[in-house]
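In structure tokens below, several structures.
Two complexes, one shared chain (chain A), two partners (chain B, chain C).
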Partner chain A sequence: MESLNEIISKCEDLSFDLNFTRAKEWKSQDQSRVLVGYMPIYFPREIIHAANGLAIGIMGGGDKKLIVKGDAYYQSYICHMPRGIIELALDNHFEGFDGFIFPSICDVIRNLSGMFKLLNKGKFVKYLDYPQNFKSHIGGTFYIQEMEHVLAEVKKINNVEITPERLNHSISLFNKNRKLTEEIYSIRDAAPWKITAADVYHIVRAGLVIPVEEHNEILEKVISLLNQESGEPLDKIRVLVIGAFCEQPPVGLIRAIELAGCYIVEDDFLLGTRWIQGDIPTDSNDPFRALSHSYLNNSTFSSSVYDVDNPKEARLLKLASERKVDGIIFAAPSFCDPALLDHPILQQACIENNMRYISFLYSENTGQFKVIKEQVGTFSDSIKLWD
Partner chain B sequence: MSKDIAKEKSMIIQKEMISRLFKDLSTAKETGKKVVYTFVPGNISELILSFGMLPVYPEINALQSGMRKKSADFIRDAEKIGHSEDVCTYVKCDVGMMINGNIGPNGEKIPEPDLFLLSYTGCFTFMKWFETLKRLYPDVPVALLHTPYQENHKVTPEMTAYMVKQLKEEVIPKMEKVSGNKYDEEKLKACLRNSSKVEDYIMKIFDTTKNVPSPIDAYFAGVYYIGPINNGFRGSDEAVNYYHELYNEILERVNLGLGPITPEGVMEKERFRLVVEGPPNWTHFREFWKLFYDMGAVIVASSYTKVGGVYDMGFRVNPEKPLESLAEYCMNCYTNLNLEQRVELLSKCITDYKADGFLVNSIKSCNSFSAGQLMIMQQLERQLEIPVGFIESDLVDPRYFSYSNIKNRLESFFQMLDQRKMY
Partner chain C sequence: MDNKVYTLGIDVGSSTIKLVLMEYSDNPIIIDKVNEKIRKRNPESISDLLLDAILLKNNLKYEDIAYVASTGEGELLKRKKGHFYSMTTHAKGGLFLNPGSKTVLDLGALFVRAINISDEGRVLDYKMTGQCASGSGQFVENISRYLGLAIEEVGDASLKSMSPELPSGICSVLAETDVINMVSRGISTPDIIKGIHLSIASKVIKLLSSLKADSKVALMGGMAMNKGMVQAIEELGTEAKLGLTFSTHPDAIYSGAIGAAIFGGFRYHKLNKK
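Let's look at the complex of A and B:
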């Protein structure tokens, strides 16, 4: 059996393989297979799986891709991630991808969908408009139609017809994936010294670029190995990191936070993988309705979702309390309107509820962490010293 | 440049209309009129008017604060309470104004909202904006109208049905509750009949730039022309009257062969005809405009004047299908068009209005416009072989208006246009 380090190392390679080698290899084994890239945050990967496809999370170039052409497409005051994605597209990293999904999370991702259309990338480009109305017969119906549009595009390519049985089977695989991912987070919650946040990040991120069946196997092995670990606790504070749901922080930043005296026991990195809370029913005659119902009623909170009837500050504080955190770190990408416009609301709630917090900005290719490390270190020390 | 500018009748009418609206707003609490905060793109003011309520447009307050040099302080105050330097300055200006007593740009107190009508057409920040305001006014209900994006180049029956359901089950019931009045479809139809006439006038007005010289500036003066329809008068008799008068005045200018009116009089020699993409800067509006008219540049079309509705492709509201029409109107606003549609529309403007050049004023605050602008520019340059220019500023944050940078870039751009004309 592979060791934990070997698995983590493999996941790290997969996570940052910007050529998506494993996914392309998977596609090459069967002519009816399709590859569909999707941008953050959430996409119901189940529907692509059921259509004999693989949905691949595109999280930008991070600090692994030098931006040369991308800067000619974006002004300096627009976040970094889309220029990385354009760079990848122009350098043909997505060759072999059949389609691209742009979930409706902000104006930048929305307009990036138009740029992909103008660049004629893939056989289809779909802006997936998530409903902001949460009634089943209004927003729910609209969401089902949106999913059907995606599948109509896939069907044009591989002529695969989705049946309820196929979709229910796919849902069960992703239910398992979410459950296993949550289990790893629970292990971190109970004993964060067993595995670093950066390692968890790699393990989860690998699942965005490989078949779910393979990822489930990896997660099961990791859990089994973690259950055998005991590890040595260190004197660190427990923190929740929020704001990083779209443009991902460089792994160096995640490491810097932990090296500066924190255990990250909750975060919104790769939020889409944990978006649906709990299982989606797998015995429905209408699995699209089941997916839609879960989206409307069992989604996590996020800056991209209209929240007035379910305030996000209350949900954040509840999560912080469940994870017993000592403080919250607001880490958002520069120029991210949704995250940054939420900060005053969330931070005010922290103040009113005596929750300590700090805040800083990053971009996916930030390379210097000294200042952030000092800031986080001071935050951690102040909590350790004065509590 | 002639220095004598007499106020035209339409200007006087508009001034009276706006001041009457602000007067109504300032006395709303005494008169019992309910106040609805909403946004310009996809503003379904006809529905608000049909319930006898008054609209307030936060982004209009913000831009007017910018023009009256009040926005810098408001933005600073919003940043003091945690708003990032990186985000939309309209939001910060509005928040700053509210935490300072909600005194509007004209010095009158703006009444507090009775309803937030969150119709967030083409801009996610609108949603975040009202989430923020909801925290300032926790007891005020929010009616959300989600407008699907024209991602696939068209409005589908499903998109319209989704919006109509929201209107029927979310927006109208909340308006009935807040106003105390029942939904009256006949009243709404009457308002829409007015809107349809106004939409026709607006298109005819902006089409007059086909003339050489152009009788109007479709960007700097254009923002005044779209004022009434975007600021509370969609669907009103007054709007029909105003646009009728304005159109006649412009026709008279066409007959006399006159160029556009500027703050310093009539522009006498038209040297360059431009199409501009992006909103203007409001904090230095006059200086910004002057950079153009001093060089004899007239804007013959602009995307910004289509932010509250695009009528170039034939869309008009249909009073006989009132709710469907409101839905389709929302989906047809400029920032709800996908990039391919924007390129097509701008290309049509450049061709129809015989533009010499295309200019982007890229706004730091506004991703809805700015993200993708460089690609729009590349596409137009490639397709039409037209000279393109690029400048940067902001909506209402004066820290991002650099006069000399903009002037340098514009001078180079005009030089390029000049050289082009020589060959």
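Let's look at the complex of A and C:
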């Protein structure tokens, strides 16, 4: 049996394989298989799975891709991630992808979808609108139509008809994936010294580029190995990191936060993988309605979602309380409007509820962490020694 | 609280590793201390050797230590329980060695840091020198090597200066060129050394002035062991009329490790209460 370190190392390689080798290899084994790339934050991968496809999470080039052409497509006051994605597209990293989904989270992603259309990338490019009306007969119906539109595009390519049974089966696989991911987060919550946040990040991120069946096997092995680990706790504070739901922080930054005296016990990295809270029913005659219902009623919170009836500041504080955190770290990508517009509201809630916090900005290709480490370290010391 | 426990502070500096064994209680006391130059070796191996040596010397086992705390660049040490940041530990260690201090000046190998502290040793504000190496202990060490002096001889040599020669450059590369010129012009070693001390001291005084430092100022870190450096700071401090009094301590180099050991004891009791 593979050791935990071997699994983590494999996941690290998969996570940052910008050629998507495993996904392309999977596609090559059957002519009716399709690859559909999707951008952050959330996309119902179940529907692509049911249509004999693989939905691939495209999280940008991170600190692994040198941006040469991408800067010509975006002004200097735009975040970094779309530059990396367009650079990957122009360098043909997405060769073999059949389609691309751009969830409606901000103007930058919408503009990126236009660029993909102009560049004729894939056989279809879909800007996927999410409902802002949370009533089932309005927003729910609209969302189902959006999903059906995506599937109509896929059907044009492979002619696969989705049945309720197929979709229910796919939903059950992703339910399992979410449950196993949540279990790893629970292990970290209870004993964060057993595995680092950076290692968890690699394990979860690997799931964005391989079939869900394979990822579920990896997660099961990891959980089994973690349950055998004991490890030695260090004297660190427990923190929640928020703001990284779209452009991903460099792994060096995640490591720097933990080295600077913190255990990250909750975060919004790769948030789409944990978007739906709890299971989606798998015995429905109308699984599209079940997916839609879960999106409307069981989604987590994020800066890109309208939340008038369920304010995110209350949800953030509830999450912080459940994870028993000592403080919150607001880490947002530079120029990320949704995150940065929300932070003053969330921070005000922290002040009113005596929740300690710090904030800083990053970019997916940030390479120097000394200043951030000093800032986080001083935050950790101040909580450990003076609170 | 007066449950005495042993704690260990390990300060991994950029040039030297310092270890302090303390008996932590309401009145912490230093049991033993040791330091060693890194000299391009692996800091983890050196700290391991020093840790084992100090335990053996004091007839203790690793398990007898309630809390091993690292500071400085010691985040990656495997045998620690927790890590505290340099600013936090130098503030506490400086206050421990010089009770009543309001400002701690950490004169390190890589940079100088001025820290205003509360009565309990909490960091209130700070300023530090930039990346320029000409304001650091490493610079003094380099110059002493060029002049054929051991670092321990630098302080006494500086005190013998009659007519200090200031380097013109603010950059260490230019200052080193200056020193070569001074040697060829026949300037005496004490005058060159004193000039270097005054050059660093002028940066220190600017730092204290911009921080609005308060008396008394505790001079800590490796350079505080250098009598010539201390005298240069006192002279320029008086000249600048900042109204500051300075003090140092023979264990000044250990201030970070002492702070870490004290905070380690504090955390040990706090965690046990939980």
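One rule holds for everything that comes next: the second predicted complex is superposed on the first by the 387 of 387 C-alpha atoms of A that agree within 3 Å, B and C clash if a C-alpha of one lies under 4 Å from a C-alpha of the other, contacts with A are read in each partner's own complex, and residues count from 1 in each chain.
Operating definition for what follows: contacts are C-beta pairs under 8 Å (C-beta built on N, C-alpha and C of every residue); 3 or more make two chains touch, one makes a residue touch a chain.
Small disclaimer: the values here were computed from a predicted structure and weren't measured.
Chemist: Overlaying the two complexes on chain A, which is it for chain B and chain C: clash or fit?
Modeler: fit
Chemist: Between the C-alpha centres of chain B and chain C, what angle is found at the C-alpha centre of chain A, to the nearest 10 degrees?
Modeler: After superposition on chain A, the angle is 100 degrees.
Chemist: Give one of first, second, both or neither to describe whether A:319 is in contact with chain B, with chain C, with both, or with none.
Modeler: Touch status of A:319: no partner.
Chemist: In the superposed arrangement, which partner chain does A:234 touch: chain B (first), chain C (second), both, or neither?
Modeler: A:234: touches chain C, not chain B.
Chemist: Between chain B and chain C, point out the one touching more chain A residues.
Modeler: Ranking chain B and chain C by residues of chain A touched puts B first.
Chemist: Looking at A:259, would you say it contacts chain B, chain C, both, or neither? Reply first, second, both or neither.
Modeler: The second partner, chain C, only.
Chemist: Is A:306 touching the first partner chain B, the second partner chain C, both, or neither of them?
Modeler: It touches chain B, and chain C stays clear.
Chemist: Answer with first, second, both or neither: which of chain B and chain C does A:133 touch in the superposed model?
Modeler: Once the two structures are laid over each other on A, A:133 reaches chain B alone.
Chemist: Kindly classify A:374 by the partners it touches after superposition: chain B alone (first), chain C alone (second), both, or neither?
Modeler: Touch status of A:374: second partner only.
Chemist: With both complexes superposed on chain A, which partner does A:90 reach: first (chain B), second (chain C), both or neither?
Modeler: It touches nothing on chain B or chain C.
Chemist: Give me, in Å and rounded to a whole number, the least C-alpha distance separating chain B from chain C in the superposition.
Modeler: Nearest C-alpha pair, chain B versus chain C: 20 Å apart.
Chemist: Contact residues on chain A for chain B in the complex?
Modeler: Touch list, chain A to chain B: 72-75, 77-78, 82, 104-108, 110-115, 117-118, 126-127, 129, 131-133, 135, 137-139, 141-142, 145, 303-304, 306-308, 334-338, 340-345, 347-348, 361.
Chemist: List the residues on chain C that touch chain A in their complex, please.
Modeler: Touch residues, chain C against chain A: 67, 75-76, 80-85, 87-88, 122-123, 263, 266-267, 270-271.
Chemist: Any idea which chain A residues touch chain C in the complex?
Modeler: Touch list, chain A to chain C: 234-236, 259-261, 374, 377-378, 380-381, 384-386.
Chemist: Which chain B residues qualify as touching chain A in the complex?
Modeler: Residues 81-84, 86-88, 91, 118, 120, 123-125, 127-132, 134-135, 142, 144, 146, 148-149, 151, 158, 162, 165-166, 169-170, 338-340, 342-343, 362, 364, 367-368, 370-375, 379, 392.
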